[in-house]
Amino acid sequence: MIQRLGILGLALPSAAALLEACGPGGATQQATQPTKDLTGDLTIWGWGASLDALKLVDADFSAAYPKITLKYVVRPPADTYRNIQLAITAGAGAPDISVIEDSHISQYVQLGALADITDWVKPYVPKIVTYKWTWISKSNRYYAMPWDPGPVAVFYRRDIFQKAGVDPASIQTWEDFYQAATTIKQKTGSFMWQQAKARNDGRLFETLLWQQGTGYIDPKGNVILDKDPKVQQTLEFIGRFWKDNLAADQEPWTDPWYKSQSNGSAATVIDAVWMGTFFKSFIAPKAAGSWGVFMLPVWQAGGSRASNDGGSVLGIFEQSSQKLAAWAYVQFHLGRDQSQLQIYQKTDIFPSLKSSFQDPFFQEGDPYFGDQKVRSMFADIAAKIPDAGIYSKDYQQMSSLTTPEIQKYALGKQSAQQALANAAGLIRERTHRS
Amino acid sequence: MLGELRRRIRHPPDKAGGVARPIEREQRPMSVRQRWRWILWRHRWPLIFVSPFFVLFAIFNVYPIIFSFWLSLHDWAGLGPMQFVGLANYAELSHDSIFWNSMLNAAFLFFIYVPVMTFLAVVLAAVLNSGFLKLQGLWRALIFLPNITSMVAAGYTFRLILDKDSGALNHALALLHISAVPWLDDVWWARISLGLLMIWAWLGYNTVIMLAGLQTIPKELVEAAKVDGATAIQAFRQITVPLLRPVIVFSVTLSIIGTFSMFTEPYILTRGGPIRATETPVIEIFNSTFTDIRFGYAAAESYIYFAIIVVITLLQFWTVSRSDPAR
Amino acid sequence: MRRAAAKPIAYVSVIGLSAVMAFPFVWMLSSSFKPFSEIFAGTSFLPEQPTIANYVSLFQQSNALLKLWNSFYIATAATLISVLLCALGGYAFAKFRFPGRALMFSLMLASMALPFAVVMVPLFVMMRNVFHWIDTPWPLIVPGAANAFGIFFMRQYMLSVPDEMLDAARVDGATEFGIFWRIVLPTTVPGLVSLSIIFFMSSWNNFLWPLTILHSDAVQTVPVMLNSLQGPPGRTAFDVLMAGSVVSVLPMLVVFLLLQRRLVAGITSGAVKG
């Protein structure tokens, strides 16, 4: 890699020099914009679903920038992050561009691993769903380009609901959801959802906190896991499903997990819009029509029905020696309605450019979901995602300190209150927060 | 030690360099400096021969240990400026439940697999040594084979075999009407699974060591005991095992160090989980370094980890020498 | 009667144990020919629809040949250099008396108890900031080049080289290095081979240190590659992984089968003579 970059460095004096000229300090003058003859050999990291999505735009990209070649490195998200972290700490080996989830981006921004691309992305700030900018800015500078938001809803199995005689429209509150879970278990034997015990990853817990505008920390950065009563109520709500045997115990993102979604032993999956990609591509590609979507139930009347899970950005690494070419790629893939829609039409990776929501495609039904108009529903949700203290520069640590405590709670080794107190204590200790 | 050193310097043993040169010593008195120079010159060959080790040792072991201490007094994300924090990292570490939990895990693991493995190794070595079996070499090779395997490959293979829902082992148990065991999804089962992997990987190695030890024990001793009316098992327990003691101690010492430096096996097989039940000290140091990106804290952890290993090793030597029947 | 019973029991238990030891290898091999769906659906021992797709993917998408080569040359270089330096050191400790010898020897022995993790963090920082060796093979070759275990091991071997032989060569006017090279090394070949196998295997299977040092695809060794193989979306690539595991084990298996005796001699010498 180093050698290869060295050679490229020689081949690309113009790009590097141009970049220097407009560099981060770049004063007020206009940033250099990519041109057609721009050369480059870009390495892009990400996981299967995200890279496959980006590749959909590559044909057009190659036509626009014929001299830029692309190399994709596919790894599961956890491996991608580990490799990013190793590369950051090693000071070498980072790609030019990587897909990074909103949950992880803040840490890399704070570490100074990503290139300051403020001058390039500034024009996009008003054009993109606002909350997406939260984690990628530091002292009014921007370090990545937003891609998809992660509006969350309930994916449910129409056949199972029908068999149990449960009307999804009747599920207004989480209490209704719980009642439906009991009915479904009695009538069909299916679990309402999947919640691993010893291998719980805390994602649903976070999603439900996000819906209520709470989380690990408050806006000042103080830990509120053990202070906000809503947090404990949420965990105890999840706990009821474990206690009453209404949750399937499968490790997320493993074969048993997929299997129980496709064979109907789980009646709902609460996840973001991108989950559709996984259903359609490999979990249940032939199950068109059997899945439907409804909005999250509320915690109390009039409460929020929107939450976020995941969502990602494209970051250009400070280590990259071809930042201008990298920007050409990022801009082409994410900065144009056409590209974002192209991706969304094929993959369920949601656009963040507000102008793209005007496309008629949003008003059409999705055949996989029985022609339900899920796209406008997710656009609605995306616009209403509350601010919450889930993602931050310490997200990885907070989440990895909290999940074992949730696991212990799931296994009945401690109470919800204890779990949260322990987690909060560890987080305060390790991230030096109050 | 110093006394001995001085004596040697005054009267360099004649074997050095092979050819004695008494005349040189008779020459006119030399200054200390000249004397040192002369000594170094006279012993230049062995000193040159051992120098690569000590040079590399100084650069890649001694210096890092010193540097590590300096690092442990700082807050540092690996990039950008370091911030001096004094002993704050150590203060935090003293009540860091995750770090101490990882130490405890290593201790649990040690007691889960080392006694079983050592016992099996001794028995197996005795069986192989007894001459009962034909094809001794084949059995030894088969039992040793796992030791040459990459633990990454072995870890993934075990993960597949031990999978709760689709693993071969639970399928086999189902045939025997035993319900599925959560091999990797339960705190204690995960530790046991890790122990199984360790036994699989290291039983052959330890057996080979024990076997070599057994071969140094004169057969007449055992025979004599049997003539005196001891059963084979009695002879084994009362003659063979005590004589094998130094070898057993050696093997257990290796296992202590091995258990406390375990990384690949839990990293691949159990990923430290569930609930951090198999997170070892090295995984914790690795995570502090490369996930939390807290270099200073990781350095402090390394230090305490080192201290604990030294204490355990000393403790073990002390116990062994105290209870040594030969003493 | 007891003897009569002992023999079958010994046979059954040893055969049983050998089967247990061999099972993971068999499973690895069998799974490496299974399509992904069968690996997880599979109750069947042998692949129902055998395929070499996993191997094709391994060598085409993951460029396993390059990684095998990386592993091979790093292990070879590390082994050759270490064995030479260890032989030199072992020779000095076995056949010379020199000031500080006892002190140096105990210092060296003590260094064997130093776990790698203790120096991992500072060493990593040094490799990055001082040597600029990240993503190069040097960190896997140089720091471990002189190894206390190896010196101790070679010393044991060198002790048995007769002094008369060395003295005779000195009288003939041979240089000290010449004696080492032409007399000592050739007479300790078995020891050198044993040590080489041990070093080669530990380098080949090393994981933690290469994982922190080798990041780019082109410089990775086999274990690091295994850890980052690409699977079907959302899954760990157990299918390709098993093929990769087989590929990682095979070379060691060949070495082992050819040189088993020397390896065992190497392992046991430390335990029994020490």
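Labels A, B and C are assigned to the chains in the order they are written; within every chain, residues are numbered from 1.
In this text, a residue touches a chain if its C-beta (ideal position, glycine included) is under 8 Å from a C-beta of that chain, and two chains touch if they have at least 3 such contacts.
Keep in mind the model is a prediction, meaning the values are calculated, not measured.
Identify the chains adjacent to both chain A and chain C in the sense defined at the top.
Expected: B.
For this structure, I'd like the pair of chains sharing the most C-beta contacts.
B-C
Averaging only over C-alpha atoms, locate the centres of chain A and chain C and give their separation in whole Å.
42
Which integer distance in Å separates the CA centroid of chain B from that of chain C?
Centres of chain B and chain C (C-alpha means) sit 16 Å apart.
When the C-alpha atoms of chain A and chain B are each averaged to a single point, how far apart are the two points in Å?
Comparing mean C-alpha positions, chain B is 43 Å from chain A.
Could you list which residues of chain C touch at least two other chains?
Residue numbers touching two or more other chains: 40, 124, 212, 227, 236.
Hunt down the residues of chain B that sit against at least two other chains at once, touch-wise.
Expected reply: 78, 166, 289-290, 295.
Give the residues of chain A that touch two or more other chains, as numbers and ranges in rising order.
86, 89, 91, 255
Provide the residue numbers of chain B that touch chain C in the complex, in ascending order.
1, 4-5, 8-9, 12-13, 15-19, 39, 43, 45-47, 49-50, 52-57, 59-61, 63-65, 67-68, 71, 78, 124, 127-128, 130, 132-133, 137, 139-146, 148-154, 156-158, 160-161, 163, 166, 168, 171, 200, 203-205, 208-209, 211-213, 216, 231-232, 247, 250-251, 257, 260-261, 263-264, 267-268, 281-282, 285-286, 289-290, 295, 298-299, 302-303, 305-306, 309-310, 313
Inside the complex, what are the residues of chain A that reach chain B?
82, 85-86, 88-89, 91, 107, 111-113, 197-199, 250-251, 255-256, 396-397, 400-401, 404, 407-408, 411, 426, 429-430
For chain C, which residues count as touching chain A in their complex?
Listed in rising order, the residues are 40, 124, 128-129, 134-136, 211-213, 215-219, 227-228, 230-236.
Chain C touches which residues of chain A in the complex?
That would be residues 1-2, 4, 47-49, 52, 73-76, 79, 83, 86-87, 89-93, 253-255, 258, 278, 281-282 of chain A.
Within the complex, which stretch of chain B touches chain A?
Going through chain B, the ones touching chain A are 77-80, 92, 95-98, 164-166, 182, 185-187, 273-276, 289-293, 295.
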